[in-house]
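Labels run A, B, C and D following the written order; every chain starts at residue 1.
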Amino acid sequence: MVEHILSILIFFPALAAVLGFVVHKDSVRSYGVAVATIEFMLSMWLWLVFDPTLSGMQFVEQIALVPTFGINYIVGVDGISLFIVILAAFFTMLGIASLGETKNIKNMIITLLFLQMTMVGVFLALDAIVFYVFWELSLVPMLYLIGAWGGPLRIYASVKFFLYTFTGSLVMLVGMLFMAYLYHRTTGNWSFSILEWYRLQLPFEYQIWLFLAFFVGFAIKVPMFPFHTWLPYAHGQAPTIGSVILAAILLKMGTYAFIRFSLPLFPDASVYFMYPIAVLAIIMIIYTAMVAYAQKDIKQVVAYSSVSHMGVIVLGTFALNVEGITGSIFLMIAHGVVSGALFLLVGVIYDRRHTKLMSEFGGLASVMPRYATIFGIMMMASVGLPLTINFVGEFMSLLGFYKQSHILTLLAGVAIIVGAIYMLTAYKKMFFGVVTKDENRNLPDVNKTELLALIPLAIVTVWLGVYPKVLLEPISTSVKPLVEFMHEKAITAEAKARISTMAVKVDNTKIPTGEAH
Amino acid sequence: MFEAIAFYLFAFLTIVMFYITVTTSQALYALTALAAGMIFISAFFFILGADFLGAVQIVVYSGAVMALYAFGMMFFDTTREVKEKQGNKYIVVGLSALSAILVVAIFAAPMVSENITAIYPVVDGIGNTQAVGMVLFTKYLVPFEVAAIMLLVAMIAGIVLAGKKMDRSLTTMEEDEIKTLREKNIKVHS
Amino acid sequence: MMQIGLNHYLVLSTILFSIGLIGVMRRKNLLMLFFATEILLNSVNISFAAISHYYGDLTGQMFAFFVIAIAASEVAVGLGLLIVWHKKHNNIDLDFMSTMRG
Amino acid sequence: MELFLYTALFSPLVGSLFAALFGASPKTKIAGIIPSALLGLSFISSSILLVSILSGNGAVHVEMMTWMSAGNLYIPFGFVVDQVSVTMMMVVTLVSTVVHVYAIGYMDHDKGFNRFFSYLSAFVFSMMILVMSDNFAGLFIGWEGVGLCSWLLIGFWYHKESATWAANEAFIMNRIADLGMLIGIFLVYWNTGTLQYEQAFAAMPSLENDVLTWMGVFLFIGAMGKSAQFPLHTWLADAMEGPTPVSALIHAATMVTAGVYLVVRAHPLYHLIPNIGIFIASLGAFVALFAASMALVNRDMKRVIAYSTLSQLGYMFVAAGLGAYWVALFHLMAHAFFKALLFLGAGNVMHAMHDELDPFKMGGLNKAMKGTFIMMTIASVALAGIYPLAGFFSKDLILEVAFVENHYIIYTVLLFTAGLTAFYSFRLVALIFHGEERYKLFGIHPHEAYKFMLIAMSPLLFLAVIAGSFKMTYFEMVTQVLPASEYHVHSSLTFWIMTIGTQLFVAAAILFAYKKYTRRDIKVPDGTSKMENSFAYKLLINQYYIPFAYQEYVVKPYREVSSLFWTHVDQKIVDATVDGIAHTFYKIGEETRDMQSGNLSIMLKWMVAGTVALLSLAVVFGLSVKYATEIKLFLSGLGV
């Protein structure tokens, strides 16, 4: 069984979702929780049997799908994908467990389980076509979640989400097909296997174009500035569970794909585009943080903060060294936990007051002290306080990128300032001051179901902030050969110099004050 | 020499006939001109040595198809002039001419390939009919049978479509029945 | 000029084809449209036969046969439909048929 | 020794968690007593460590566990107790124990009693991490941790708008500086390959001067935020919105001195870049004067003390900047004692006066509050630097340092500031405790604080008096790690003239303050007097218009730009482009819909048009393939 654990992880939720149609409406919730818990246990089991000392792919399964074109069902897991898979299982479990009263709950749970299949599939797929299929399939349940359970603008939001990301994916598909064609031209065989693509050393011009094609797909998913506008709508309109999954897992597909595809396939192009992407990431960080500051709706604040943090992840990825990439992967997990928790928290207050406008609140700290405490912890994690999960990722991402550029890192570091500004302001508006609205006077504090989801998240937030080693070790074990591989594969001298695993800079020349070229 | 004269003669005739077909306002003229054009085309087939094809052309077109059209026209008021309100004549002619020129250009500058080799070469010493038969019933047997079925289907379809309500005729209807039918038709028409 | 080659036939075929096209575009009467379609099919047949002749390959003729077969089926079915339409609407004017408006 | 180290470090955490357990329940004394007791334990452990170090045992260095490791990055939770950190530990644990006990009485009537102790102990824990960590990352943990606790405690009375605003201001300002600190840490890592103090400092001498300069600058930016140096100083005065024990512990004795500690800790680095040292010293001298000038006129008791703290921090930076690290540390220690005492005394007064802060509404309190009066007077004397109290030894030493190092401008500034310090300290004492009993107008009946609060304060009183006598022991201890430079004025005549001159100057300032503010008919400032309308007074009372400028030229524009970004850039440009593209497609569909008129002959025409288009494409592509070489030739001829 253990050799098929990945396929089980992928298809068990889907199978359970299909069976869910025959489950009675009243028991579907416990059914969903049970399925998601089993899935989570399976993912924990995967962690248990996963060998953290190995850097390569583990539990690889391969089944031929279209042998003529080299399309195979290949799945495998390494340190990069392992924890995102666990995170996906974890959040689906928490999400289903904490579901409040919802109409049509049966459909929602089935949708969520189906969504889980696609998410796990994306992170485990090692064949471009399989990856693409799961990537696109994940849009459908999300579309349904937003469109069926969303707010007043749900149709616009869901269609925008779908079309926008779908457009990007199509460009990516073209890139994949061309990549396969190049592989065919070079080796004479068709293959869509990512691991086989890795071995292909592409000429610089091809790298540039392919990188851009992939970039469009990934950047929209991340979402990078200026492709981010679908996200606030999607978050604003989605039900709580939709936002949670979207922020915690779906956005990570983009950044994960950068590491899985863009970096090892096109090392030279990655170096070539490092500065433009870093500039975009910095705009993302500062600009969206400022936009978040201007929001009146707490959910929008969290949504924009999500974009802002994704900027740091992208920056860490394009640091192109072990510290940065490890940090960005860790930050993916961290951001998943923290922003997921924040969306859950927003859901809690929305369930009580049916509004998300911060002006409607004020003084909640005295009415709902436990809620305020958990919100405070998560807010501080989002702000990036040391000993919380976010700090480790942010620190390492920025540390990594510092090697590439001093001034850009300084600008990106503004994240810790602007992040504090919007978060503290929002917290102050909601929780501090005196209670002004009568509706708020008797709000019940968080109940048991909600605590069930929030407490584990708070624990994880602190636990991984204090002891991130459990994650960092397997991640860096996989990242290190990746960076070395990129260094080997790079053809231009600049790329070779930029991508390196050496700790201390060889030349301690000037610390530039201006641009760090 | 003879071939050239025949070609130009029949080419002229065909073009004229077909031109009449597409321009005349009388349906009957059009039908007649079309039938004539079909026969002239078969002449090309004979010139080209495709005797069997020529024969089939005459039999099928001038015989079967034209007869069908003739029968079909019995349903309509053929004496009525066909209304042809044209929007812009130049577009029609222009588009047609352009497509013609393009096709000619494609043929005149053979861009695809010039080395076409014959898969089923004409065997010397046997008549065209014989050769056609041999190819048709060996290599093209399946398409041939499919075509046969298709013709059968088409025939049945034609009968069913055209034959609806054939059991009803004005002679067997009552007077008021005919009246209501007329009124209905008029209403539909207007 | 006097030596008739493949191109002569192709040009002829093209001319006939465009006459057919003019008919297709110009005619407002459904029956006339059918006539124009016959012209199109026949023009193609000429080129098939000519190519077959000049390349010494029977495939062209075979195609011509099938084209004729298709033309015959088309006439049968088309006329049937035409009659049904005429019965229903007492009219076979193209401008009248606009139920497919998008 | 490791046991004591861990006890000293973690007992505040245990205390904090213990108090947090009662966070949501109503006030229980135990939530205050247990954390205080645990802090006492921490203090005892620190003392044992101090004794051990004094007796010649080397530094205790432990590595608890790995924190982060990836690639070449390796950051452990490592702690070191050496001569420098043990000093800080003593100061922190002592003052915080006192403050904890004091707060049991002070917060007696507060609803958030349990919460308060949880936060306060958490702060001590963060501060201990800050001082005990053996690497920059650990320092940063503590650095941010004290920032968090400071935020929590300034905003402790969260229903007050001003308190929450001040809390956010403090946090955000500190964040600005933390960015500098973070960059400094990155620089250290990428240039030395490690964040451990020992290895990093060992590697520094071989680095280029530019690199070191930038390192020093960025680390000092971090220190500037925490120690509220200009221009990041405004938060400290506003932080007085927090409960007074918090002001005493965090905003006087410990947290704000973290910047000084950082400079002292990084002395191998600053030793290599004396130019930055001069800059630090100059900034310190400037801040000393700048803050003292604002304290002259302020009408808020706590703010006056806050400005005095700021001013004293300036002194410490002068010492640290001039390379006299041990002097800085010594002043840090002495200052912690008397300033905490001063604050706690102010807390007593506030309690007695029902949270009134304006000293002009007090006066003559010496009768009602004898204990407090004595303590605050002694603390003020110590602050003013009168022999033989603590301030004399530490502060005059800094003056000597400036003099000996030939920085006469700094010396003059500091000397002048010493006079100002004496003046504003005694202005406060005179206004509060002497003169007419103005509070009677407001119908307040002041009462002395609980006895145990006064007893709790007594260790501080004791130390404020005698701390100076530790000077030589202390010197011998810390100079084992810090550069041992003694500062002696060359001729003894000059020395005596300087010392006595300074003392006289200070004494004169005190007398002047007394004379001015103990008059029976003291004029309460009401905006009518000539002095109050003078430009200088307005400048000072408005804190040089700096908070106003920040509000007007930083906060407001930021808010406006933010909403501009949202409403105009994000919605009107970025999103509108996306929607515009979608709209274009939609419009094209709408327009071309007419093609599908349903009219067969029109559709046939379109079909033919399409055929023509495709045929022409075929022709064009066919031709271009056929004549590819010619076209290339032609294009290259055109220079494309």
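List of remarks:
One rule holds for everything that comes next: a contact is a pair of C-beta atoms (placed from the backbone, for glycine too) under 8 Å apart; a residue touches a chain by one contact, two chains touch by 3 or more.
The model shown is predicted, which means the values in this text are computed figures rather than measured ones.
Path length between chain C and chain D in the touching-chain graph (shortest route): 1.
The chain pair A-D and the chain pair B-D differ in C-beta contact count, and the higher one is A-D.
Summarising the inter-chain layout, the chain whose CA centre lies farthest from the centre of chain C is D. Of all chains shown, the one whose average CA position lies nearest the global CA mean is A. Distance between chain centres (mean CA atoms), chain A to chain D: 35 Å. Work out the mean CA point of chain B and of chain D, and you get 96 Å between them.
We define each chain's centre as the mean of its Cα atoms; on that basis chain A and chain B are separated by 65 Å.
In whole angstrom, the spacing between the mean C-alpha positions of chain A and chain C is 60.
In chain C, the positions touching at least two other chains are 21, 25-28, 95. Within chain D, the positions touching two or more other chains are listed as 605, 608. Multi-chain contact residues of chain A (touching two or more other chains) are absent.
Interfaces, counted as pairs of touching chains, are A-D, B-C, B-D, C-D. By the touch rule above, chain D contacts chain C in their complex via residues 593, 595-601, 603-605, 608. Interface residues of chain A, counted against chain D in their complex, comprise 160, 163-164, 225-226, 228-230, 287, 290-291, 293-295, 321-323, 326-327, 363, 365-366, 369-370, 373, 380, 385-387, 391-392, 395-396, 398-399, 402-403, 406, 409-410, 413-414, 416-417, 420-421, 424-425, 428, 431-434, 466-469, 472-473, 475-476, 479-480, 483, 501-505, 508-511.
Here chain B touches chain D in the complex through residues 91-92, 95-96, 98-99, 102-103, 105-106, 109, 111-112, going by the rule given at the top. Interface residues of chain D, counted against chain B in their complex, comprise 605, 608-609, 611-612, 615-616, 618-619, 622-623, 625-626. Those residues of chain C whose C-beta lies close enough to touch chain B in the complex are 1-4, 7-12, 14-23, 25-29, 31-32, 34-36, 38-39, 42, 45-46, 49-50, 52-53, 55-59, 61-62, 64-66, 68-77, 79-84, 86-93, 95.
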